[in-house]
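Here the chain labels run A, B, C and D in written order, and each chain numbers its own residues starting at 1.
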Amino acid sequence: MSSETPLSSFLSPVPEQFFGSDYAAGAHPRVMQALAETNLQKTAGYGQDEYCREAADLIRAACRCPQADVRFLTGGTQTNMVALTALLAPYQGVAAAQTGHIWGHEAGAIERHGHRVIPLPSHGGKVAAEDLRALWQNYENDETRDHIVMPGAVYLSQPTESGTLYSLAELTEISGVCRAANLALYADGARLAYALACPENDVSLSDLAALCDAFYIGGTKCGALFGEALVFPNPGRVPHFFSVMKQNGAVLAKGRLLGVQFKALFTDGLYEEIGRTALKKAEQLRRGLRALGFEPLGSSPTNQIFVRVPDDLYHQLTGRGFGGFWSKEPDGGYVIRFVTDWSAGETDVQQLLDFLAEKRENKE
Amino acid sequence: MSSETPLSSFLSPVPEQFFGSDYAAGAHPRVMQALAETNLQKTAGYGQDEYCREAADLIRAACRCPQADVRFLTGGTQTNMVALTALLAPYQGVAAAQTGHIWGHEAGAIERHGHRVIPLPSHGGKVAAEDLRALWQNYENDETRDHIVMPGAVYLSQPTESGTLYSLAELTEISGVCRAANLALYADGARLAYALACPENDVSLSDLAALCDAFYIGGTKCGALFGEALVFPNPGRVPHFFSVMKQNGAVLAKGRLLGVQFKALFTDGLYEEIGRTALKKAEQLRRGLRALGFEPLGSSPTNQIFVRVPDDLYHQLTGRGFGGFWSKEPDGGYVIRFVTDWSAGETDVQQLLDFLAEKRENKE
Amino acid sequence: MSSETPLSSFLSPVPEQFFGSDYAAGAHPRVMQALAETNLQKTAGYGQDEYCREAADLIRAACRCPQADVRFLTGGTQTNMVALTALLAPYQGVAAAQTGHIWGHEAGAIERHGHRVIPLPSHGGKVAAEDLRALWQNYENDETRDHIVMPGAVYLSQPTESGTLYSLAELTEISGVCRAANLALYADGARLAYALACPENDVSLSDLAALCDAFYIGGTKCGALFGEALVFPNPGRVPHFFSVMKQNGAVLAKGRLLGVQFKALFTDGLYEEIGRTALKKAEQLRRGLRALGFEPLGSSPTNQIFVRVPDDLYHQLTGRGFGGFWSKEPDGGYVIRFVTDWSAGETDVQQLLDFLAEKRENKE
Amino acid sequence: MSSETPLSSFLSPVPEQFFGSDYAAGAHPRVMQALAETNLQKTAGYGQDEYCREAADLIRAACRCPQADVRFLTGGTQTNMVALTALLAPYQGVAAAQTGHIWGHEAGAIERHGHRVIPLPSHGGKVAAEDLRALWQNYENDETRDHIVMPGAVYLSQPTESGTLYSLAELTEISGVCRAANLALYADGARLAYALACPENDVSLSDLAALCDAFYIGGTKCGALFGEALVFPNPGRVPHFFSVMKQNGAVLAKGRLLGVQFKALFTDGLYEEIGRTALKKAEQLRRGLRALGFEPLGSSPTNQIFVRVPDDLYHQLTGRGFGGFWSKEPDGGYVIRFVTDWSAGETDVQQLLDFLAEKRENKE
């Protein structure tokens, strides 16, 4: 029987983590500065303050959706769980790619709160409109359909957990399938900055607002200390959403902390700048990896890079604080994930590449 | 958008249903007789009566498991939901074949009560020990395993939803995997009579008691008016199970109705007789279908027979009350299911075969 | 620490129970007869049969509510839980008297399914319109109301758990409060036959249909073998209610059993006759108890009679199979409950009275 | 029908809030400094970092409980909900005073997650050992106890929502009742700093560790930016607690933010200093209020002061940003709450007193 991972094993023997995630450091300095400057102000709690209002206004403007209902929550799993279960009727489930975060990395949060995640094939991390159509068609064709889980929503992420991007054409087609079948479309934007800043991307915030029933603009992984901005383009979509958040422990007493941060992120193009910085480093890392003979898996153009490495190299890398676990392959070896972020310069990329080059030489 | 099936469409235009299910008729006459004979007796409620005690004793004896805790519930979905959620910790899920009833036909009851059903490949309706081993190994190997759904139980049915049977060797291997990984093994015996009476079957009630953490002996589909007998071979397995049943609306006030029925079913070999009758008819039907050129799909040796038919024949058959919907095939046609039961003689089998022969002739 | 009541202690040492409940016997002979006569018929399952349609038609007619949606479930706790949780939004609770069944005797079924029961003072078992008004006013006046449980429904029972009755004036006032505040009004009619047949009662089935959002007509305690008929006067009140039932294990495969029974109960005035018989016996028992110096507690005019007795008499009575536990008083003694039903004649009432007279004599 | 409070109404027309809560400002400057200093470090996520380990060590030392399991969560409602539902079996409820936060201000979070809150009388905000004994005795004495909610835990807060304190004698007695009945004892320490620093207090952190099954040391209201430290004195109390947190959206990706803050709070006596500062201001405010003829309600010796004021004064005060809503009295007037915190000096207390004095003069 497997027991819970002992906390002691969680303790990093190394002082720092590099490329293991985009949440290893604190906040972008400009976000931290905004928190420090406003720290001793006294405001109303629970998001009922001026900063949250200003941040929501900035987000509404960025989404070109002046009527949107914008809410601030503290983390991604929390936002997915609270928003999706609020969008679903008790007898409905939410479809997601088998690589989706709600299927693979949220410890069953959706099911714990009463709803099935309906796993769909992953196409490079993405859900296919075709599969959604088939899912709905099967439901409609099933003469015993009142005995099965009714699809009620679709979950996708932009970029995906595999780092890939939905094109505007793909997202528009998916949205069309959803509207025809009355499925709520929800986009997880935990890493949205890295989609928005990507040259390959053609999906804007206003496209998301036009095509989705709800989506969130990630803060935690995109330069905030913590926090996500959940957008309901149609403000009447979920009544009493504050109480829904509250009963799920998702309301921050000092709610203005989220407003202050998102105001900073959406001022003077900071959110875009954060995205560009990470993507530049990712590009540098990709080139370097290829030069060393490590071909990235999949086709992520964003800030995540997946590489297959042998067991010993995996342990050397993670032991040194480079990269993070993605999967252990049944036939040996690991997939390691490198993630770039908004921080630092190009030195750390070179450190990783040098480390890899050295290990390779030692081997030869 | 799909709306709920209107109730009016549920109304059968035909007076009777044949082979659509094994729950189309009421109770076996001897069960009905027992209910009628005891009808005016007054006993304690909620299963705290002599009939429930006697029925439990008979079942304990049949299972050669004198210490077993035996509980009576009213239906299969209810029993699966109450038992499985009681066996699982909040952060655990239950693995099942994608063809399993809890995945496909219970409207998300397990998830509604807080737990993921983890779908596994179906091997003729069965879960493979190999897949369970891999599931557990993946969980163990996952360095982020505290972020994923921990497997906590395995659901299987005997016979399966496809009518197939686990052999004793298969079940023993699965049980071994479960015990090594501390997974609770649960067997859904909605149609257990049709497994126990099958010549191909080598799994006895005492084998189930030895290998499972919980299983139920189906009544509803095996000659009872309604009711299932849930067996926990280890009586301390779920504390306060009565309250668990109660808070799920699964306690019958006149609990003795279940005791009376199971006492009748486990007296003078009635449960076995019910199984044999249905299997004899199934065998007759299989032979007849093959003679007419309809080759049953899969390899069910029990009371369910699946046949692929063209659209028009499907509608003729169900319009006449023969068989029931199984699936609509993407490339046209239907899979229709014929199910035999304990009732009646051989006439009705011949009626179905004659109907099919006639339709075929008309076509030619 | 208290452990679960051992099952062995549930075993009645006496062959019969008298006046312990109205669910000690099976079904009224005419109901049993209907089940026996239809036993070998084969119909569609899950309530999609002619008997359910006919029973629903009879109930719609009795309620003078031709558009009502009528559903059949197996027991009271199940019906309360499935219906109430379907009527509530996730952030809402249901108000009930502290004596209400959902507060006191359902093992937390409502909370297990996600909603608070908001306890209100009991006025002879009844909820007061005034208290509901205050509850709603407090919610409205609370400037932090988004942090509290929003009242979303009101539960009451007719007759109440104390055997008392709401007058039409009371129920009309409560319904008015509910409609003004958009609270769903739900009536638990587990013992509705004993209200409808009571000379003091002025609330008809059509009044319930006019005043409630949902109510159920009790079968289990009113002559059926088991089963309750849930009525939604507004048929669009809960979409996909079949799936809601299914995912709570509340659908009977042989659903027609419920249709057959309710058809019998609503044919030739049987439901009223059942009520009258029990009330006649209750009246006889009340007179006899008073003659022996046992003054019933409260003011129940229906089939439940509550009497306070000393410890030894309580154990003598229940040891002999008479009456049932209601409460143990902090300062000694018990409240015992006697419940009459539709069965038998007047002999058993006299037996109880003789037993009491004898015990009293022995004491003197 | 009441609709959700519109977000626009949440917007404070005044720049600042005084004495409305102890979460109006950001973090204590030393906490903020620690966050700023560590901001660009890169560590492992999800609380698996050195700061969380150091903070947990400091807390274990402060509690004299070297084996304790210490977990960091983001807010009070979240901590109560995750911890309590993890401590309870599905059929159990948690007892709390009717003034308790889980009964009154968490929007039904406990029930949403499956468990009843059992309301007990409030004795100045406190639960009485006597009432707990009676609750358990009633459960034990109830012959139908398997049909009722089994008490499984007790919730209390130190200080209470009314600002009062449990004495060590009271807490010891309550703990004794809990242990005798196998009830988990849980203490909500949202404002624990204001108890620990209070001259009247005789309950230490090590007492809490010795007497409770779980308790949390509040950060959000006691000088942290956000965060609570949950302590399980017995480390094996809840297995797989990380997954329980995760599936409730209660894990912070940058978990080290909580470690950094609690390390600062438990270094050089900061937590005590924060408590003392607030209590000193509360004492000054209490004296001033009394001098103006406003007698505080109840007997809070901590940082909360409740005063009854007429309607117009209430609106003047809150309109000016002073104090916050506590309750609207049925017979007119409001109870306003003043809360002091760790911030600032004595100027603001005098401002409030001057404001009150001026309003009083204008009236006279």
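We adopt the following convention: contacts are C-beta pairs under 8 Å (C-beta built on N, C-alpha and C of every residue); 3 or more make two chains touch, one makes a residue touch a chain.
Just so we're clear, the structure is a prediction, and the values are computed from it rather than from any experiment.
More C-beta pairs touch across one of C-D and A-C than the other; that pair is C-D. Ranked by how far their CA centres sit from the centre of chain A, the chains are topped by C.
Remark: chain C and chain D have CA centroids separated by 41 Å (rounded to whole angstrom).
As a whole-number value, the distance joining the C-alpha centres of chain A and chain D reads 32 Å.
Our note on geometry: chain A versus chain C, Cα centroid distance of 50 Å, whole angstroms.
For chain A, the set of residues touching two or more other chains reads 4-5, 90-91, 106-108, 112, 114, 146-147, 150, 239-240, 242-243, 246-247. For chain B in complex with chain D, the touching residues are 85-86, 89-91, 114, 146-147, 150, 239-240, 242-244, 246-247. The touching residues of chain B, when paired with chain C in their complex, are 3-5, 7, 10-12, 16-18, 20-21, 23-27, 29, 32, 35-36, 38-50, 53, 69, 74-82, 106-109, 112, 220-221, 225-226, 239-243, 246-254, 257, 343-344.
Looking at the complex, you find that chain B touches chain A at residues 1-2, 4-5, 90-91, 93, 104-108, 110-117, 119, 134, 136, 139-150, 181-182, 325, 327-328, 330.
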